[in-house]
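By letter and in written order, the chains are A, B, C and D; residue numbering begins at 1 in each of them.
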Amino acid sequence: MSGAAATRRLSPTLLVGLGILGLFALAALAAPVIAPYDPIYQEATARLQPPSFAHPFGTDNFGRDILSRIIFGARVDLQMAAIGVFFPFVIGTFIGALAGFFGGLVDAVLMRLIDIILAFPFLVLMLSIIAILGPGLSSFYIAMALVGWVSYARLIRAQILVLKTADYAVAAVSLGFSKPRVLFRHLLPNAVAGSVVFCMSDAVLVLLSGAAISYLGLGVQPPTAEWGIMVAEGQAFLSQAWWITLFPGLSIVVLAFGFSLIGDALGEMMGVHE
Amino acid sequence: MKSAFRTSRLAAFAALLSLSASFAATSVAHAAGVLSIARNEDSTTFDPIKSAQNVDNWVFSNVFDVLVRVDATGTKLVPGLAESWSVSDDGLTYTFKLRDAKFSDGAPVTAEDAAYSLIRIRDDKGSLWSDSFKIIDTATAADAKTLVVKLKSKSVPFLSMMALPNASVLPKKLVEGAAADTFAEKPVGSGAFSLVEWRRGDRIILKKNPNYWDAAKVSLDGVEWLVIPDDNTRMLKIQAGEVDAAITVPFSRVAELKKNADLTVISDPSTREDHMLINHEHGPLAKKEVREALDMAIDKKAIVEAATFGLGEVAYSYVPKGSLYHYADNLQRPYDPEKAKKLLADAGASGLTLNYIVNAGKETDEQIAVLVQQQLSKAGVTVNLQKVDPSQSWDMLVTGDYDISVMYWTNDILDPDQKTTFVLGHDSNMNYMSRYKNEEVKALVEAARLETDPAKREAMYVTLQKMAKADVNWIDLYYSPYINVTRKNISNFHQNPLGRFFLEETVKN
Amino acid sequence: MSATPAPDPLLSVRDLTVTVRGEAGERTLIDGVSLDLAKGEILGLVGESGSGKSLLCRALVRLLPSRALAIAGGSVRLAGRELTTASTAEMEAVRGGAIGMIFQNPSSHLDPVMRVGDQISEGVIFHRKLDRVAARAEAVAIMEQVGFTDPARQYSNYPHEFSGGMRQRAMIAVALACDPDILIADEPTTALDVTIQAQILRLLMELRERRGLSIILITHDLGVVAQTCDRIAVMRQGGVVETGAKRQILTSPQHPYTRALIASHPSMPVDYEASEVDDQASQADQAQPFAPAPTPPLAPRPLVEIDDLQVRYPVGGGVFTRRRFFSALAGVSLQIMPGETVGIVGESGSGKSTLARAMLGLSPISDGHVTFDGDSLRLTPAATLARMRREAAMVFQDPFNSLNPRFTIGETLAEVLRVHGKVAPSAIPARVEELLRLVELDPALAVRRPRQLSGGQCQRAGIARALAVDPRLIVADECVAALDVTIQAQIVDLFRRLVATMDLTLVFIAHDLAIVRHLCQRVVVMHHGRIVEEGPCAEVFARPREAYTAALIAAIPDIDPDRRLLMPPASVLSS
Amino acid sequence: MHRYSFILTRPLQFLPVVFGVSLITFILVRLIPGDPARVLLGARATPTAIANIRAQYGLDEPLWLQYFYFLRNLLHGEMGTSIVYKIDVLRLIATRIEPTLALVVASVVLSILIAVPLAALAARHQGRPIDHVIRIVSTFGIGFPPFWLGLMLIILLAVTVPIFPVSGYGDTLFQKLAHLFLPALTIALSLSTVLLRSLRAAMVDWLKSDVATAARARGVPESVVFWRHVLPNSIAPSINLLAVNIGWLIGGTVVIESIFALPGMGQLLVRAIFSRDYMVVQGVAMVFACATVMVNFLADIATVAADPRVKL
């Protein structure tokens, strides 16, 4: 109803969300400039230092500066969130669009495939892929893409099923537009709104999956600074050095908060509910 | 039944909501004399020949008994089920005299049972120890209490192997008669405790075995081995007083636990040695000078400080400190990254890049990796860390798909021969995957196995330790103790260097 | 029938003003409206969309749709009691208890997950404080009154299990459950077919007689008002422009807007030109006054020929049960000659839209043939479809939904031109402008998206898009149903001009017989997937052969207050 | 009834799903570098011992033959023998099902108990401060890594203030509930936020809906409008969301199980993957797949029950 009014003026929710994301993005871009220390530099004499002026967020068990690691970690985590969402989004959108548009056998086969993947224990896939391809971000992305597309495919398929009966879709067909044109120029742009909103909560999911994999011992390669792995590694020192886990943990929470806000605001703007 | 279920559920909910009851109290509903021990992994089986894992051995030692035991110091063999034994002059025939002992079901332990158990570990298809016990030619019961074992060839370490929990004496009648895994579900042994229940993934419940030959000495009424995989949770569990003991305490937690007045942190010497494997077949690593340079470029003291929190000790020989024939004066190359850099340059290996396989999920290993990476960079060596899960790293080590990797070894027998053979003796595992080759060393390993004179034998092992160090077969990193923690009311909770818990001596006050 | 307003009205509205707080400050939505409603009176509240008639009625019971809206001034007095300042509890007693409401769309106003009977007894329980059993009995009794045939059983049915007409009856039953004095009926028949509409209107009038109800009937259709109301209030832009007795308003409207409204009404001209039509029904020689009959006499080949066309959809059934089919079209045969203007009429579900889509190859055909200018869709599907796409175009019902919301009007038109390639790329902008002028749209609107246009403008853009292919055939599917009457009249005029000037064949589908009567030469009446009657327009409307057609025509509410609204005999409609 | 006839036909669709899962699992776990025999033997592995073990478990056969045996065994209701635990996989799984199942159920129940009242509160005060507080707090809740949250809960509610046990599973129902509370809460804190957002959105829509307006217009008090009309209508879309999340949960409780030492299937699965215990990985994956399929099936039934219009 108020869609037109909402698009004209950015909602405060969106502004705060974008502000948070922008702050982290800025930190990531300017990491070498603003980080007070080298994120992998170990200072043997400064292990497990509590927050101080020299180290605002304290140091870890190697004497590395937590603040600097969080700033550099923003690079990895934002990249994880972006790539971890991008490929599932693209693949899922494409497959979902095909299934919804063509229906019939294509749809039946793809839907069974989706059922299988949904029923497949995520962890088996995650750990297997990482084991098969070797640990590292690219394996993580591949595993996320293999599983993550399903949600998008389902969302898009449902949307396309509705939209393809819309008058403008029928009109496009009746005007002799080719199938790819109808699908990709007319239906898809109108169908992706829900998925774009979902992207934001998915980004949170990706970050948390990365952290969970780190907890199980397979994540980003050391000594790379990444928030999830910092939390996981810091757990060993939970009771004596709370700052090792707290600050990267908070970073995840705040970034997730930012993503959620953006998702909420986009959803409101596009009239989409999850 | 249904209404009973409902009322109890209602009661549970009421309690949950009011938060009045302390649930913690309900879960420590142990009988007074039952010792609960938290560990990080569950047992896998109760058939001793089908496991090669410490988690199983710990419990095997409680439930089963062996002919010969290793004492608490880990350096002497003492009588177990065998009261005494003798060795023939040619070293081929061993005669064991069994004491009057009973299995937990009341049946006597006979020489027949002992003979059967030894033949079984050698011949059974499911045995993981066949190779080690191939040396046995025959095992027969001369009479009800006399076991005669004939070896195919002379072997000094044989007696030590009899102390392996895997060679425990099992009741022939029960094992033979039962289907494959029935015995493993309801094991009967002659140890200090017997199995009451095994809740897989949760706990193993043992009770005191009244038929144990030394039952009078046993103070505990029972033992519970709880599985708590997460290190934090395990430590929190004992801090909350929900268990009596927690084992494998991470180094990082020791300082904090020591501050807790309710807890006792116990540090027992072990045979564990952490070392860095080097793939001798990979390019410049074939050169002794390069390996020497790496040894010099690694600051073991810093590793001991940072990764073991000062609880370990810098290692300098593959024979662990405190164990048989350890050579205390072995060479220790000083930490000198500059010299290492020069050595590398001289050997034409400047700008060396190494692929370092790290065992994922091992806190200390990951920390060492990060430290070593930085230390070696000071000597101009680039290290690429590759974190993989332990099963896979094992595979990569076997196929030689690595340059360096940190592994550890704990002895399970008292004699140094086993480790020496695996590490230096060119056996089928490529000298512990290092691909180290030195014919002279190999010959000496063979000779040491057959030498019966302890003094001569010690000399041979000292030489071996020196030669290995000179060749840098690997880089010794550190020795570390077993660190366990108990509540203050627990006493005599100890592990010997081979890992055996002496729970028959433990007291819960 | 027409009651004179009682001196002391039951409901009295004075200077009622409703405002909305927005980002740009306050705006007035209802602007000082004053109205009276006497006991037993039916007041017709007429106006086009956006005139504020629904909002006004919500304001009466203080059910404003958003918290941004507020009653800024004026008074609403119900039997002397002021409602604008009444407490929440008092208002809850008034709502349903004194004033019952019926809404336009019973499908969305009935709770889909609650049994119909429970929704009726819900109000009974709250207002009359009856227990469940008694409330149920009461609800069953009311259901019987409003025309449920088996209320005891139907009490337990869910809304979706009823037809639209029955749902509206249920809605009425909900409103009547607490025996209110006033019934506010907000467009109660707009979503219904004409025959059902007639039934519902009759029911309302009966109820008025029987219970002495006062009714406010909100509608956009002057015909409905003419057939049912005592007095009429005409609303426009939040204000009442004219109030008065029905006859006075209809015969001598004072306000120019009222006059325009009456002029736009597609009334059925009863006797007009009926004499001109003779009995020959041959399609070839039609001399209609609307079209200049450009048909070349030497080309008798029909442009579209439909032969025993059947379209079936599977419904339900699965692995274990036999598949069942719903026949949307059960053997339709029809010929459309070049240059002809054919109207297809019928109620919802009669298959007229399916026919339109099947005619253009947009719905799969189960059986039968469609031939387009000699090419059979069955025999040479690819070639025929290709021709159809180049030579035929469609105009849709929902003006907003038929245009891609992401494209501007210009982009939409340009895309068609580009895909068809009939115009050189450099000439596209000029052609777009030309098309917009053709449908009488300001070319400056080309940069707007559908949401930034009015419904009428969108529909013109939709027609422009159809014209962009240079079609020989245009199929217009209910293309004016969603528009206000004044706009409807303009669009129909536009079609008439286009047909007259452009050598077009037009298939015009509508449920509104009056419009078809105005526009078309020939009419085809459909019922349950079959053609029940066809023939020249004037003849069919003047002398329908089938009872169904007659009932359909009779049910159209005429603007003439003297014509009685006929309820068609139930036997014709039941099936 | 006809609307529920899908209950008879739907199970046929389970077969391809479970079959597909078994095939993918089979291929995937065997592609992982690493050898169960070597894991079993540890540092003392010798080539002959490895060959012996491989032969014993049929790992030396060609892959297709192994899969064929697997399927054949499956038809006899067997899933093979665990390489690590040396017992029948189905028996092994049977010992570990209950804690996982209980954890999932407890988490879902707790999530609903948290989400529904809060969503109701927020929706009924849409745009007011209480709504913003609930939304912000719940949005924050999404971002906590569960393992961190779990540990914090232990420290807070089991060690500092010893109300609940630190970890483990109990004997009696009462103990089990006590042990399940913290892990279930950990999951519920993130699951409920998802649920809350979707419920709130639906409730806000339904509060503005024609149905609510019509109910108000017949004098139904606001609270009754909410509980009798808005809530029942808002539930249907959340059922699907819940089902998808339960699906994730079934295979994703590993971390929680590990932290709270719950002897469930997640832990079994991770250990099995890390020790290349192929048979167990396959078995657990198939059980998880069946459970997920069942959950979706139940969700379908619930959807049909919640909305009389739905036909499947």
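We adopt the following convention: contacts are C-beta pairs under 8 Å (C-beta built on N, C-alpha and C of every residue); 3 or more make two chains touch, one makes a residue touch a chain.
Keep in mind it's a predicted model, so treat the numbers as computed, not measured.
Between chain C and chain D, the least number of touch steps comes to 1. Under the touch definition stated at the top, chain A and chain B share these contacting partners: D.
The distance from the centre of chain A to the centre of chain D, with each centre set as the mean of the Cα atoms, comes to 21 Å.
A straight line joining the Cα centres of chain B and chain C is 85 Å long. Mean C-alpha position of chain B lies 36 Å from that of chain D. Remark: chain A and chain C have CA centroids separated by 47 Å (rounded to whole angstrom).
Counting partners per residue, chain A has 127, 131, 216, 235, 238-239 as the residues that reach two or more other chains. Counting partner chains per residue, chain D has residues 32-34, 151, 155, 274 touching two or more of them. Residue positions of chain C touching 2 or more other chains: none.
Contact between chains, as defined at the top, is found for A-B, A-C, A-D, B-D, C-D. Interface residues of chain C, counted against chain D in their complex, comprise 58, 61, 63, 65-67, 92-97, 100-101, 103, 105, 108-114, 122-123, 126-127, 158, 160-161, 171, 174-175, 177-178, 316, 318-321. Looking at the complex, you find that chain C touches chain A at residues 22-23, 357, 360, 362, 386, 388-390, 392-394, 396-398, 401-406, 415-416, 419-420, 451, 462, 465, 468-469.
Within the complex, the chain D residues that touch chain C are 2, 5-6, 8-9, 12, 127, 208-211, 213-221, 224, 228-229, 232-233, 236, 306-309, 311. Residues 231-232, 250, 252-253, 255-256, 302, 305-306, 358, 360-363, 366-367, 369-371, 373-374, 385-389, 392 of chain B are the ones that touch chain A when the two sit in their complex.
Of all residues in chain D, only 32-36, 38-49, 52-53, 56, 84-88, 92, 95-96, 99, 151, 154-155, 158-159, 162-170, 172-175, 177-179, 181, 258-261, 263-264, 267-268, 271, 274-276 touch chain B in the complex they form.
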